[in-house]
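Two complexes follow with chain A in common, the first pairing it with chain B and the second with chain C.
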Partner chain A sequence: MSKYHIEIPSHFSELFGRLENSLNGQSDKPYHRLRKKGSELLMKQGFPSTRNEDYKYTALNRVFNEKYEIPESGKISAQGKTAIESIKKITQGESSLCFVNGIYQAEFSSLNLEGVQLIQLSQLEENSSKLRDVLEKIDETISHTDNPFIRLNTSLCRDPLLLFVERGVKIDTPIQLIHYYETENSSLIASPQLIIMAEESSEISLLETHLSSSSRNNTCKVFSNVFQRMLVGKNARIKHHKIQELNKEDFLIHNLIASQEKDSHFYAITADLGSRITRNNLEVHLKDSNTWTEMFGLFASNGQQHIDNQTFLDHAKPHCESREWYKGVLGGRSRGVFNGKVLVRQDAQKTNAFQQNNTLLISDNARMDSKPQLEIYADDVKCSHGATIGYMDSEVMFYLKSRGLDEQQAGELIKIAFLAEVFESVENESIRNLIAEKVIVKLRTIYES
Partner chain B sequence: MLKIKDLRVSVEDTEILKGVNLEIKPGEVHAIMGPNGSGKSTLGFVLAGKDDYEVTSGSIEYMGQDLLELDPDERAREGIFLGFQYPVEIPGVSNSNFLKMIINSIRKARGQEELDALQMLKLLKEKIAALSMDVSMLKRSLNDGFSGGEKKRNEILQMAVLEPKLAVLDETDSGLDIDALKVVSDGVNSMRSSDRGFLVITHYQRLLNYIVPDYVHVLIDGKIVKSGDKSLALELEERGYDWIKPEGSTVPA
Partner chain C sequence: MSDSMQTLEQHTKSEYKYGWTSDIEMDMIPKGLNEEVVKMISAKKNEPEWLLNWRLEAFEIWKQMKEPDWAKLNINPIDYQDIIYYAAPKKQKKLNSLDEADPELIKTFERLGIPLQEQKVMAGVAVDAVIDSVSVTTTFKKKLGELGIIFCSFSEAVQEHPELVREYIGSVVPRNDNYFAALNSAVFSDGSFCYIPKGVRCPMELSTYFRINAANTGQFERTLIVAEDDSYVSYLEGCTAPMRDENQLHAAVVEIYAKDRAFVKYSTVQNWYPGDKDGKGGVYNFVTKRGLCAGYQSRISWTQVETGSAITWKYPSCVLKGDHSKGEFYSIAVTNNHQQADTGTKMIHLGKNTKSTIISKGISAGFSHNTYRGLVKIGKKATNAHNFSECDSLLMGDRCGAHTFPYIEIENQTAKVEHEATTSKIGADQLFYCTQRGLSDEDAINLIVNGYCKEVFNELPMEFAVEAQKLLEISLEGSVG
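Presenting the complex of A and B:
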């Protein structure tokens, strides 16, 4: 184990064995080999310490010290059902996949789209080529990743899923990924895993929400450790929207790796409003030329919240364009981290890459650490990056007040305007309004203290 | 409606206004002229209530109350309007939303009913047409990327919808070509009324051909050194400021 890692605590290493015992017939299925491998690799690697450059500003001791139970499937409270139904209404509930504590709930889900299939890997024939393809992708990822949380997720994932979009199928209505978490008397670790294969010239839009129930013994915490792998085929498009509103004691580590084929488009936006600690690990690999990548982020925090966005964009091929913009408003004693790396390899001539992080601090006790990184090995490229961290502009404040707006109205307008450029990137109007609405409600709670 | 008595104002320990006296009655248009750095803009900012301006002595009475006790937003709701020399650009705030917000917040403060979307649109369209502005500016972000002329028109538009009792216009003519100057002046003139006062701050006499003042005051080195009627402005245009300076006792010739 390197000096940048710490040993996996025993209450974590025991989890795999406990899951294995509860799997019944599932433990001789092909996927279980990956759980085992994930667990073994994780034990070897360990968890990252703050000596690790990518975790320098995000201490996860609070996450590691907690003792979690592995959630069982099939239980959901009446309150949970109501919450899920109300989230479904956002898109009329036509296409929604529901997860309770990270486990897929078929009876609350519906997906009736021609050319789109949701497949539980456990349901696939053991010798099917689809299963082989998916397992290969996951195997490759857990073998080569330096991200231990993907390994942790794989080792503890009860029901891995594949969302398959057939060639040429274009779906405009967003497919909802509803993550709901509830627990009464113990802390939980959720490990949902979803592989999305968007075949050539297909298009889908996703709306992922994370919400946790507030009625529980308040010493209990939810740790959701998500892994998503998205394969954007030739000339295909995936639009991924995420809104995170977890309880203020909960943890989210969201791991998303996307890879793009020729002429494809990948759009991602994350709006992080809740949780005690959130860490988004977003990686995009450009496998071929003429791709278009957009990565957007909004974060608004107060109290003791900590929101960390890590992004890695690998420009490996020529004529690719990318745009990355993360903006946040921090109040209270909250902390934000942005660590974005854009790598432009020698082959990636004519790359056009833009990266920006801007943060507005509302309180003297809030803190932002921003590290926009650009690593370029090609000579004919157009790349820019930058970061700003600042307080509210007193000239702007005075101008607004001189028109009769009071301190609160003016402050709200400034905060919303600051984030507007990011949520305006959302094409779908109802999703854009939803994000704007959630962000505005959150901003009203962000003050100096 | 406005009585300024022996007003002294410092910014970061430097005294800018050194004893200003001025009274404006309803219906009057006063012009303040003076060379650069004489304290003209400071007077505007102090009336609007900007933070960094410290009043060290003297008083400002507005509509029978102590103006200095009010915050900038309270002053605006009491009917004071400052047209900025350099209006602030605010990307992300749509001009139309901003106008709607300030109109209704002022109406609410005055005990008037808030306007609904339809009434609002009618009002805005009417005022925009009067200022020869393009309706498309409503969709843009507040002053963001506006030309100098567009910004000034936008200030006058805000004044027109807020209907202040006392309007202070700081160098509204700077950056305007002659056509824009006429439009903006017409906008101001159409608002002249027996119950509204104006304080027009300008460096050049040109503006006063269009907005004809009742009184002209010359501010030099933080003091009003000469007052007169509109002919004083013409005299200044011809002879410059130098000939007045000796009258101000503290100003070196």
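Presenting the complex of A and C:
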């Protein structure tokens, strides 16, 4: 174990054994080999300490010290059902995949799209090439990643969910990924795993929401450790939207690795409004030329919240374009972190990469740490990054006040306009409006607190 | 563009101009580092006991520390026991005028192109020339003395102004600050000391030339500048080292202490031996430079042109403690062949209404790696702090790397921090425009690169700016892909 890691606490290492015992004979299934491997690699690697450069500003002790239970499948409260139904309304509930405490719930889910196949990994035939393919991909990821949370996720995931989008299939309406968490008397660790393969010239849009119930024993926490792997095929397009509104005690570590083939487009936006600690690990690998990548993020926080966005963009091939923009409003005692890295490899000539992070601090005790990084090995490139951190512009404030707005109204308008630059990139109108609505509500609570 | 590629090839082959050794008899101590060596250095310099203890404590601290490994550098392991920690020219009688100095030494300076004599006098520059650890001659001391300015070698200051040295040494860069600062504190050989009294505006640019001369001697100089209230000084530092195959370690410490309304301008041109075309040899330049703006409205400005050294690890910093104080950093870092540079600055805002500006221009060619690493920190009590950073990189050739790692840590809501960085190469359209106006590829590139660096050149004192421009041409001639 390197000096940048700490040993896995015993209440974490025990979890794998507890899961294994509860699997009822499923432990000879091929996926279990990966669980085991993930667990072993994790033990060897350890959890990151703040001496680790990528975790310099985010201490996860609070997450590590909590004792978690592994969620049982099948139980859901009436209140949960209502909550899920109301989220489904966003897209009229046509295609939605529902996860309760990280476990896929087929009975609350529906997906009826031609050319889109949804499979739980355990349902794949044991010798099918598809299964081999998927297992290989997961194996490769957990072997090569330096992200211990992907290993943790794999070791504790009950059954990964696979989504195949066939060649040429274009789906306009967003597929909802509804994550709902509830617990009564114990803290929970959720480990959902989702693998999406979008084949040549296909197009899909995803809307992922995270929500947790608040009716529980106050001391209980939910730790959701998500892993998603997205393979964007030739000329394919995946649009991923995420809205996170967890309880103010909950933790989210969201790990997403996307890889892009020739001429593909990957778009991701994350709106982080809730949770105590959120850490987004977003990694995009460009496997072939002429790709287009967009990464957007917005966060609005107050109280003790801690929102950390880590992005890594690997420009390995020529003629690729990327754009990255993260904006946040920090109130209360909250902290924001942005650590974005753009790597342009030697072969990636004609790369055009842009990265920006802007933050508004609206409280004396808020804090922002920003680290936009460029690592460039090719000469014929255009790369730039920028970061600004500051308070609301007094001139803008004056202008609005001179038009008859009071301080609060003017402040609200400035903040909404500030974040709007990010969520206006969303093409789908209903998703854009939804994010706008949630942001406005959240900003109001920041103002009042 | 293939033409310019060829020109690049030709010019990157140009050899290091300052590579030679001068045969001056040296007074050396045996290789290696232990308590005895520290004591020996201290004894040779006839130091008071408190300084010896200070060194010994630093040595203890150093032993507990580990070499830093976070920089984006590939460093061959350094054997600290294989270095001679003290070397001084043997003829050490006091010199009253330059004529008494060793003719070999004067020749050395002449070959370096330092107009130490008449030209320098006319240029109005006081030079404290340091060759391998001992300050050989100090000019203009008298004139400065009349104003109450103390400008002398560090060892002299220890003898003559012990109370000042004792008060300020380690006050800006503490011994436990980092590995190389601790090492320097234990074994520092000599350096410059500069004290500007209250209300005095130093009438000339103070300048020191450092050279590492003897083979296998690390140079551990230490510079301390103290500027009292309402004073002003501009300090120049230039460096050259002869060509040698083994890597030479250079771990210097520079401390600047600026009081109320004092303004210290520190300019460096560094062209130490960068190693040969294959990356063999060259100087390891691991320097800790820091200025403390301790008072109200004090101001410190760092300007550096880094073209030499095999490896540069250097972050001239400003601690803006006084209200309304100001820190500036202007840098050009050029790397070619197999050079590596990890350099930048730290601006630490602690006082109210503090301001800082960072302008960094990196140019990488050949197989080199050029990294900007900088920190802007706005503390909780630093109300209305303002920072502006601009870090640009220029890439010449497709085997080099340019990296930007800014760290921005903001704890106060009234802060205004802006950072921007770009990386690109010389545009074909720019080149075409120049060449169709009749300029050769070579001249066109020089013109463009000079324009790119203008913002920093403008900050350099006149003579330095000319020298820096020349250096840039030598380092980069024709480098475009």
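One rule holds in what follows: the second predicted complex is superposed on the first by the 446 of 449 C-alpha atoms of A that agree within 3 Å, B and C clash if a C-alpha of one lies under 4 Å from a C-alpha of the other, contacts with A are read in each partner's own complex, and residues count from 1 in each chain.
Here, contacts are C-beta pairs under 8 Å (C-beta built on N, C-alpha and C of every residue); 3 or more make two chains touch, one makes a residue touch a chain.
Keep in mind it's a predicted model, so treat the numbers as computed, not measured.
By the document's definition of touching, of the two partners only chain C reaches A:Tyr377; chain B does not. Judged by the touch definition given at the top, the superposed model places A:Gln123 against neither chain B nor chain C.
Of the two partner chains placed by superposition, A:Ser2 touches none, neither chain B nor chain C.
Applying the stated contact rule after C-alpha superposition, one finds that A:Ala387 touches chain C and leaves chain B untouched. By the touch criterion defined above, A:Asp369 lies against chain C but remains apart from chain B after alignment on the C-alpha atoms of chain A. Look at A:Leu413: by the touch rule set out above, it reaches chain B but stays clear of chain C.
Once the two complexes are overlaid on the shared chain, A:Asn61 sits clear of chain B and of chain C alike.
Counting the residues of chain A that each partner touches, chain B and chain C differ, and the larger count belongs to C.
Per the touch definition, chain B reaches chain A in the complex via residues 48-51, 71-73, 75-77, 81-82, 84, 87-88, 90-93, 98, 101-102, 105-106, 109, 141, 158, 162. Across the complex, chain A meets chain B through its residues 393-396, 398-407, 409-410, 413-414, 416-421. For chain C in complex with chain A, the touching residues are 70, 380, 393, 395-425, 481. Across the complex, chain C is touched by residues 53, 57, 346, 349, 359, 361-364, 366-391 of chain A.
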